[in-house]
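Scroll down for the structure; my scribbles are underneath it.
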Amino acid sequence: MDLILVNLIDGLVTGLLLFMLSAGLTLIFSMMGVLNFAHASFYMLGAYFAFQISLYLGFWMGLLIAPLVVGVLGAGVERYGLRRVHQYGHVPELIFTFGLALLIEELVQFIWGKNQMPYATPEILQFTAFSIAGNSIPAYKIFMIFISIAIFIGLLYVLTRTRVGMIIQAALTYPKTVEALGHNVPLIFMGVFGVGTALAGVAGVIAGPVLGTFPGMAFVLGSIVFVTIVIGGLGSLWGALVASLLIGWITTFSKAYNLRMEDLLTWLGFTKPEPIWDSAWRDLWSITSPQIADILPYILMVLILIFRPYGLFGKRDA
Amino acid sequence: MTDQLTTDPTKPAQRIGAGSLTVPLIPWVLAAALLMVLPFIFTANSAITIMNQMAITIIFALAYNMLLGQGGMLSFGHAVYAGVGGFACVHIMNMDDFFAQIPLPLLPIFGGLMGMGLATIVGAFSTRKAGTVFAMISLGVGELIAACSVIIVAFFGGEEGISGDRTYGMPFFGVEFLQQIEVYYLIAAWLLISAALMYLYSRTPLGRMANAVRDNPERAEFLGYSARWVRFFSFVASGFFAGVAGALFAINYEILTEENLNTTQSGLILLATFLGGVGFFFGPILGAIVFTLVQTVLSLQTELWAFYLGIVFVVTVMFFPGGLAGLLMMHVPAMRLGKLGRLGVPYLKTLGSGAIGCLGAAGLIEMTFHLRHASAGDHSMTLFWITFDSHTILPWIVAIAVTFVGLGIARRTAPALAEAWNEANTPDGAPR
Amino acid sequence: MRTKTMLGLTTALTLAVSAFAAGADTIKIAFIDPLSGPFAGTGTNGLHQYEFAAEELVNKKGGVLDGDMFEIVAFDNKISPKESLIQLQVAIDQGIRYIAQGNSSGVANALTEAINKHNRRNPDDRVLFLNYSAVDPALTNDKCNFWHFRFDANADIKMDALTDSIVSNDEIEKVYIIGQDYSFGKAVASAAVRYLGEKAPEIEIVGNELHPIGKVKDFTPYSRKIVASGADAVITGNWGADMVGLGKSVLENGFTGPIYTYYAAADGITAAFGDAGVGSLRLVAEGQLNPPPNDRASEYIQAFKAKYPDGNLSQARITNVIEMLAKAINEAGTADDVVPVAYALAGMEHESLWGGNLMMRESDHQLIQNVHIMEHTSDVVHDHDNSGFGVKVVKTVEMAAADSPTTCEMRRP
């Protein structure tokens, strides 16, 4: 029972981190129709910038400055890259962001080298907040939860309660009409792209110390972010939140408990072939849930796309 | 609806065979001759290995372009069809009795069928929608099968993969495929066959409908074609040729690993295809050639090859969405007008100096890299056959000067090039 | 268009092939390992160690035979079996007879098979495979061949030493085994179960699991399980980012017992653990850096650090590769025909720069050497990653597994 609570907290941390990435991505998608493959790369840039800044000014200045730098970079990419590619259609846009992701990874290796950076949590947060049945919950995790929730509330407030948010929401659905009303839609696009990438930057800053700051960190997280927003429904902030938490908890729980395929198959009424090591199905029988935990989101996504192509909360087709 | 598609191709195919095929026959004969002669020019085994790799990539890229270029379907997991075809072939190689009865050159058929079988299963649900849904399903399925490769050890052999020996097959007219050169001719033959088949496919009504569905699925539906089935058939056909490429890989390397299936491989083939240009049939061929050279030859020269590749790729997408093939084909109108020659001098001025400028920039990048990452005390580096001390100021001045002068001249002469370009593309006597 | 392509092809291919047609008095060793991509750090560091060893241990002493010098030629295999085979072909074309590779047992498996086939099909330009780091036991058992020599202790030998250390520690009653889901991770797990069962059946294995390799973002759920299981010690074969991720997560979660590892040192890992790893991280490896075994070794390390301040002498065995190869070539009297060189290497005894004797076992071409248990500590003379931390030998098994059985049935030319 205690372990369930611990895993709920761990899954929450993973899920909220995923949410910070997918929130920006889903906003960008719903506005411009672009699936930004380089989104996780901005997350990586956030971590590296913050590490570099923390060497001189400490962790907190890194948390403040790095996302801004990433956001400005993102806006620049939109202004000088994506806007140019936009005229060729959606597929080149997608391919552009794909190439950008490769380029950013190479660039990071060029500047910082290939080893993991010793980017650490700030000392003020290096203590155990509380422990449940011998499992300690570091204070930093609590800090991560608070930051992510604050960002979600802030985002929700801006989008639904402010004038800027109204214009963004309108531009999501009727960009032509909004433009006709005299709003500068390209500027809004650039702004949303900048904010979306800055969010990814924040995620990088706070995840870098715990998940490691290394050139492969974007690749590890890259495609799972897509999976999240596809499951949640493209363009839906609530969908992104629900899907992120769902993925966080599914992967955490399937890693924390050794559910065995053997039990499932036996329960379904199959008999185990003997001798097992000679059977063509031996690998199927020996699968355990931690082995497949990280591919469960992909299975979920494929199923959702087949049966409900607009995702859990989406309103329109992907 | 489906009846139409399955019965129709027979009739017009004959028509095409008689009519439009005679004209483009010359490039094919030339290509065949070139493939015959190449090993006499490049005799080294490594050159032959690189050419084998090139040919395999070409088939794979062409198969990929059946989806991307001709069908408008962006797949992020196409490596699995090639990979699974290859794995099946290695398993056949390891079935001693069965393999001893089939000649090696027939093996790719089995690989193709395997790729096709998998594509039929996946295509059954993934081709219902194009666009993002298709792309995401392809990504998901790709990740799933790649992840399975380390879990299902019986078929995929885990991380170390599975290997076989091609020489245990039935001797083919006395050839046992011991030497690389024999394998080269096998692969070259399959390259010609598959390329020709894929070209013919693009000429069938089905291939044409794939274009129509790509450009405007709604209108295609109104014409009475099911967009979904058109996509499905393209997908299955593409799966077959991807499987052939995988089988040739199995023959050439005699080993398949998880690397053949993963998303990196899928991404690389997307890169190669797009670099060559998706708009023309020969685009992926160019892309595959250039890409293989960069990967195997440039990587011997510099550690930063992937960095340059990334830059080239992003620049291509931004400025030349037609890829290399698109660039080449831009010159066709000027050639028709007989004015291609007039572009020569402006090209030399702008592109020549631009290229020198780019080399200068690459030199700067290399020097920065050397300065940051080389061992202490190791100040000497070699660049473009010149050895110098990277910690002195002179090489930097030279490199910066070359970069700026080169790019500067390119910038200055660009308007003249644009002028010449317009001039070359305007028929004589036409009002300007 | 076709002529244009042809032209590019010609230049590029000739470039690739001609660039290496240098002097005749060098004996070239092809170093085929990742020099770009995620494992480039390890590969580049290994290359530096090879270059330094060749220069310091052979060339400065006048070379081999009649003054022939060693030259290391680097090939980037991007840790891909396919690329390795291409680069192997390029290397053979350049007349290189000695292939050194180490990172990833998957690549080593591909290479050893390709080299075996190549040598059978092309008796005129045979090559030797000097495996300095791939530790999959199969390479010197079922998959062994005459051309392959392994200079590292294999996973079974290391586990033998490691379980000795566990058994001698009375405080350890429960052990948790966790590793990456692939051939090496499985080999480690099964060896651990086997040796613990033989040596100390009373030790309980409270967990034995595999996780996807290189895909786990957050190890927290695993470390929760480890702590909840009440384990006193953890055994893992993880390397790279998986090692750092697992280790840090387990320690953060309040685990205080020893973590027995194969690869928790250098390449940024030592620096990443820093103070947190002290008292917990144990490492099983050959090659003693701390305390320094002798003056010669200390001088060698200092000279290396002077040349590569950011580098690590993380693979001490590389000096053994170079020294033993030089000795074998001198004994054989030729470097061009690898068969006598291979015969000279097989059964060779040698005194290592790092102390202790080495013996290349004839039956399976596995080097028998001292295997050490080391711990991660700041009490070192020579640190890793310039972090002030390093590994110190706490226990030594002399000539480990010298009489261990092998299933190798070697066919000799």
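A, B and C label the chains in the order they appear, each numbered from 1.
One rule holds in what follows: contacts are C-beta pairs under 8 Å (C-beta built on N, C-alpha and C of every residue); 3 or more make two chains touch, one makes a residue touch a chain.
Predicted model, so just to flag it, every value in this text is computed and none were measured.
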Seminar exercise, completed: Computed over C-alpha atoms, the centroid farthest from that of chain B is that of chain C
Exercise. For this structure, which two chains have more C-beta pairs in contact than any other pair?
Worked result: B-C
Exercise. Chain B to chain C: how many Å between their CA centres?
Worked result: 36
Problem set entry | Separation of chain A from chain B, taking each centre as the mean of its C-alpha atoms, in whole Å | 31
Exercise. Residues of chain B touching 2+ other chains?
Worked result: 147, 151, 304, 306
Exercise. Which chain C residues touch at least two other chains?
Worked result: 40, 181, 212, 215
Exercise. By residue number and range, which residues of chain A touch two or more other chains?
Worked result: 109, 113, 291, 294-295
For this session: Quick one: which bits of chain B touch chain A in the complex? Just the residue numbers, please.
Result: 68, 72, 74, 125, 129, 131-133, 135-137, 139-141, 143-144, 147, 151-154, 263, 267, 270-271, 274, 304, 306-307, 309-311, 313-314, 317-318, 321, 365, 369, 372-373
Exercise. Which of the residues in chain C come into contact with chain A in the complex?
Worked result: 38-41, 44, 181, 209-212, 214-218, 220-222, 224-225, 227-228, 241, 244-245, 248, 252-254, 267-269, 271-272, 274, 385, 387
Problem set entry | chain A to chain C touching residues, read off their complex | 3, 6-7, 10, 13-14, 109, 113-116, 118, 128, 131, 133-136, 138, 210-212, 214-216, 220-221, 224, 251-253, 255-256, 258, 288, 290-291, 293-295
Exercise. Along chain B, where are the residues that touch chain C in the complex?
Worked result: 30-31, 34, 41-42, 44-47, 49-50, 53, 147, 150-151, 158-161, 163, 165, 167, 178-180, 249, 253-255, 257, 259-260, 282, 286, 289-290, 293, 295-297, 299-301, 303-306, 328, 375-378
Problem set entry | Residues of chain A defined as touching chain B within the complex | 35, 81, 84-85, 88, 90-92, 94-96, 98-100, 102-103, 106-107, 109-110, 113, 223, 226-227, 230, 234, 280, 282-284, 287, 291-292, 294-295, 298-299, 301-302, 305-306, 309, 317-318
